[in-house]
Amino acid sequence: MAERNGLEGKLMTVEQAVARFVRDGSQIAVGGFTINRNPMALVYEIARRRVRDLHLVVHSNGQALDVLVGAGCVGRLEIAYGGNGRFAPTCFRFRKAVERGEFLVEDYTNNQMTLRFLAGALGVPFIPSKSGLGTDVLAREGFPPDVRGRDGVAPHKAHLMADPFDHGEDQVALLPALTPDVALLHAQQVSTDGTVRIRGLTFADLEQCKAATTVVVTCEEIVPASFLKLEPDRNSLPPFLVDAVVPVTYGAHPTACPYFYDYDPAHLNLYKAAAKDDDQWPVYLEEWVYGVESWDAYLDKVGGAQLARIRANTVAGYAPGLDRR
Amino acid sequence: MADTPERATDASGTTDAAPSPPAYTAREMMAIAAGRFIADGDVLFAGTGVAMLAATVAKRIHAPHAHIFFETGGIGPQLDELPMAVADPRVMAYADLNAGLVEAFSYVANRRLHTIAFLGAAQIDRYGNMNSTVIGDYDHPTVRFSGSGGACDAGSLASGFIVFMQHGTRKFVEKLDYLTTPGWLEGGESRRHAGYRRGGPLAVVTNLCVLRFRKDTKAMYLAERFPGVTVEEIVANTGFVLDVEGAGVAKPPTAEELRILRDDVDPQRLILG
Amino acid sequence: MAERNGLEGKLMTVEQAVARFVRDGSQIAVGGFTINRNPMALVYEIARRRVRDLHLVVHSNGQALDVLVGAGCVGRLEIAYGGNGRFAPTCFRFRKAVERGEFLVEDYTNNQMTLRFLAGALGVPFIPSKSGLGTDVLAREGFPPDVRGRDGVAPHKAHLMADPFDHGEDQVALLPALTPDVALLHAQQVSTDGTVRIRGLTFADLEQCKAATTVVVTCEEIVPASFLKLEPDRNSLPPFLVDAVVPVTYGAHPTACPYFYDYDPAHLNLYKAAAKDDDQWPVYLEEWVYGVESWDAYLDKVGGAQLARIRANTVAGYAPGLDRR
Amino acid sequence: MADTPERATDASGTTDAAPSPPAYTAREMMAIAAGRFIADGDVLFAGTGVAMLAATVAKRIHAPHAHIFFETGGIGPQLDELPMAVADPRVMAYADLNAGLVEAFSYVANRRLHTIAFLGAAQIDRYGNMNSTVIGDYDHPTVRFSGSGGACDAGSLASGFIVFMQHGTRKFVEKLDYLTTPGWLEGGESRRHAGYRRGGPLAVVTNLCVLRFRKDTKAMYLAERFPGVTVEEIVANTGFVLDVEGAGVAKPPTAEELRILRDDVDPQRLILG
């Protein structure tokens, strides 16, 4: 098992990855779910570069969504849920921006968004769903007609049809496939030949990466290919789907990266206080995003003791007894 | 109301002659009342908050073979600590298996399983339809909420669902601002005609009472008020005319139910407050 | 982690499992793929019980299919591939039975059959596919009209439609979902509370089990629940999908069970010689199926030395250097 | 013909003045000729048999970044030993990852990957459509084959495919008994009109020659005969009128190609015979 370096041309910094793959107007799928495995180091860099008019496609997203929205990077959003569980039943900057009409929003459900990514991954143009019949989720379009049918926006939100295999009695909604320009992912491990291993819940990350044109992965560590190849059942994505690999320790902070660290309740509460308040929000952005010189500086700001507190028990996957109030 | 926990001052709605029942909060009553809807062997689609308490208490008391799972893909976790979100790493620890959303929703929809979901919302109407998207006009909302998440999916696909709500006229409304999660739609057979093969709301558990749905019209009615709560109080807090015919009084929590809830399930009082 | 015995009511023998769940006319999905993880102990018992008119739904099946066909158990077959790789480019009894018109056959492709199981697992009535447009696979129906639309047979083989999200330019085939009565699976491990762990390739086993009404699992070993719960990422099916658990060591023989044993080339060659020959075939059936008194007797017939030869290297998953000619 | 390996008696079709080229079998020539169609970075959908030899040789010689995967879900295996079937446990050992069919076909269809499949069949027509289902009437076949397996899928979804066939008039036919795998259908633009967005046969490699397809009509033509094979022999073994205009002679295998094929890829001669 030669350790052929298959990362040649893929290994890069956060700055390089964002500069190369994320453009104004790109359609971006964001990995993770609310407070778990959000690709935050990439998100901060996107915000720092003042990328504009992103078209985000997400199921349930929390921290990544809220920072991107709050930094003014988002022009269109297809989404099922914008919240952070008990830290933010509705994401704060997301809520304000929608109420102020700052960008276009199209609502779907978690199952619908996941199936749409699955359709993209399978290479089919749509997929049927039994969710949302008779609800406003299917009846109300959030995107206006003038943006539809181009730039990666489906011409219709959904298409109702009778089941042709059931004498037309059963109703289903066809949902358009998603094929984002870029999928951003934070994973625990990438091997020296570019194989990705995600540990814990995978959410819709695999479908998103298979549906996307480009896949950018940040990871906690690079490990020998021979190590991941000993247990291929546990691996998540093959090298040929991965375009950029960026090692960033704590790259999902303040969200969790199971088996490495828990979410950071102190930071999420600090975030909450700032994001709720229009005056405090620019201060937070300056202090934690724009004004941060390097990832080392970011980790120093979080602090060694706090990183120690949130360190995951490597068997349980989270930090038992962590004060989460 | 449950945010400023209310002590139940009178639990004598039952005629039980046992030692005087312990005091408890409305939130504790909610968790325990909802847990009583769970049958052994049910497969439970859990959210966080009171829903998780209900599921966990039920599993530890009368439904030991119930299985709890999360839409994020955490199937049958041990739940040594309460999760703060459905994506909390605590929903995966020592689980039966860890998967993703495709897998989780395939269990919600699985026709051979009796899947029961626990849901909440900003608004509910008399047919148990719910809104968790916006207040005001959808295109120009005055208040934006999180959106469906998996709520619409669970309302569409599960065998049934149980709703947790704080009782109030702005939450129990004549007309939703946006229909996120399908209940009985316009009542009667309308849910079936829309294309659903099963499911629908079974009960609404509030800080005041348990509401259910009439078999024929599918309209909401007051099934049981909690001890110490009057029918008038419930009616006054409901934004549509509520059918209260035949309403009873809920059995208060037993000492055992409370002990498990407080000592085993939420000792840090993350949700109980 | 209490070892609560969740196998109560599920743990049974092969005889009990087949008697309880497999009936004349049942629609059966068979796990594995050609020469890997076929549930052979269950197949032999089905043959011994002279179950008739089974409706098999399989993607690529080899050994299990051929024995069931050869024993006269099959009345209808939906299939993508009936072969055993280089041991049988076309399965022998399958080939003869089709040429003789002994049962009804409906041809699909591997991707189509897999998507049909996926649709059943997702709870949707059909799924789109881009495979087979303009081919006889979509144009020719194998099942006659009189068996269609009832007993678990779709009213049409497929339904062509224009993509409503693409101005009707793109064509897709809708394929009817499969929801078999029973899924038969051979897995490496089942835990004391009924969780299943499959190691190596999973084929369409997970989709088949999620789509089925009943799931019968044979396994190499029962392991403590606490063991499987330490690494839930590696587990395959939750307890609530499993109806019967039957521990059968070497239960997939002569097909492989990765990390436990390889396929048995000697037996597959012996099988080939018998299955090719109408006179020898009843002799094989009598010797290896009908006349075998117990699983112990079967393993004795295979022989200790041969079982030793095919034992898998527990890291590689197969038997390196095995004579496979 | 490759079952009774034919020694190439004359490899002088090239004007290379290097030491006289080594002897080789038709099957070796097939594997190496097909391997030459593989570009570095291609993602290869492999079957067993000669196809796997072609993929493996190409990867070890001129396409080190090619990735091999199997429809069964074995993605990027080490292939220390040759598999006897696509479900052989050898297709999963020390792999990049092990998955299942849903995943494997999502790679075949993936629009960002250049996926090349290797296929075989019982019959092929002038447009590269193939039959691996029946000979005779579909409802009452005289010969039944295995069926599509993943062949129709790869023919439908991959960026392109390469066919291995033994040359003969019963295999290269005017009309297929059953169209299992789509080639260029009726030629011209018919494949695109049927709903395919990409793909189609790139080449057919036989024991005698390499055949390709005209850009406009999509009809098969003789691209290169193998050294020592005459055009007449090829025409006589083809059941339809074959376009032979401009046919060249294939470059014979190099000593290095043969060494890798024989010593590294199939030392047990499981497939080379």
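In this document, chain identifiers A, B, C and D correspond to the written order of the chains, with residue numbering beginning at 1 in each.
The rule we apply is simple: a residue touches a chain if its C-beta (ideal position, glycine included) is under 8 Å from a C-beta of that chain, and two chains touch if they have at least 3 such contacts.
Everything numeric in this text was worked out from a predicted model, so none of it was measured.
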Task: Of B-C and C-D, pair with higher C-beta contact tally - done: C-D
- [ ] Mind checking the centre-to-centre distance between chain B and chain D? Centres are C-alpha means, answer in whole Å.
- [x] 59
Open item on the list: Measuring centre to centre with CA averages, how many angstrom lie between chain A and chain B?
Closed with: 29
- [ ] Using mean C-alpha positions as chain centres, tell me how far chain B is from chain C in Å, no decimals.
- [x] 40
Task: Junction residues of chain D - those touching two or more other chains - done: 92, 94, 98, 102, 105, 109, 157
Task: Overlap residues in chain A, where contacts from two or more other chains coincide - done: 115, 122-123, 130, 170, 172, 200, 230, 233
Open item on the list: Based on which chains touch which, is the overall arrangement a line, ring, star, complete graph, or other?
Closed with: other
- [ ] Go through the chains and record each pair that touches.
- [x] A-B, A-C, A-D, B-C, C-D
Open item on the list: If we count contacts the way the header does, which residues on chain C are in touch with chain B in the complex?
Closed with: 1, 4, 6, 121-123, 179, 193, 195, 210, 212-214, 226, 228-230, 232-233, 235-241
TODO: Would you mind writing out the residues of chain D in touch with chain A in their complex?
DONE: 41, 43, 64-65, 67, 69, 75-78, 92, 94-98, 102-103, 105-107, 109-113, 157
TODO: Over in the complex, which chain C residues touch chain A? Could you list them?
DONE: 115, 119, 122-130, 154-156, 159, 161, 163-167, 170, 172, 174, 176-177, 199-200, 230, 233-234, 315
TODO: Mind listing the chain B positions that touch chain A in their complex?
DONE: 48-49, 71-74, 80-81, 83-94, 98-102, 105, 108-109, 129, 133, 138-153, 156-157, 178-182, 185, 190-191, 194-197, 268, 270
- [ ] Would you mind writing out the residues of chain C in touch with chain D in their complex?
- [x] 32-36, 59-60, 62, 79-87, 89-91, 94-95, 98-99, 101, 107-112, 114-115, 118, 130-137, 139-140, 142, 170-172, 200-207, 256, 258, 262-263, 265, 312, 316-318, 320-321, 324-325
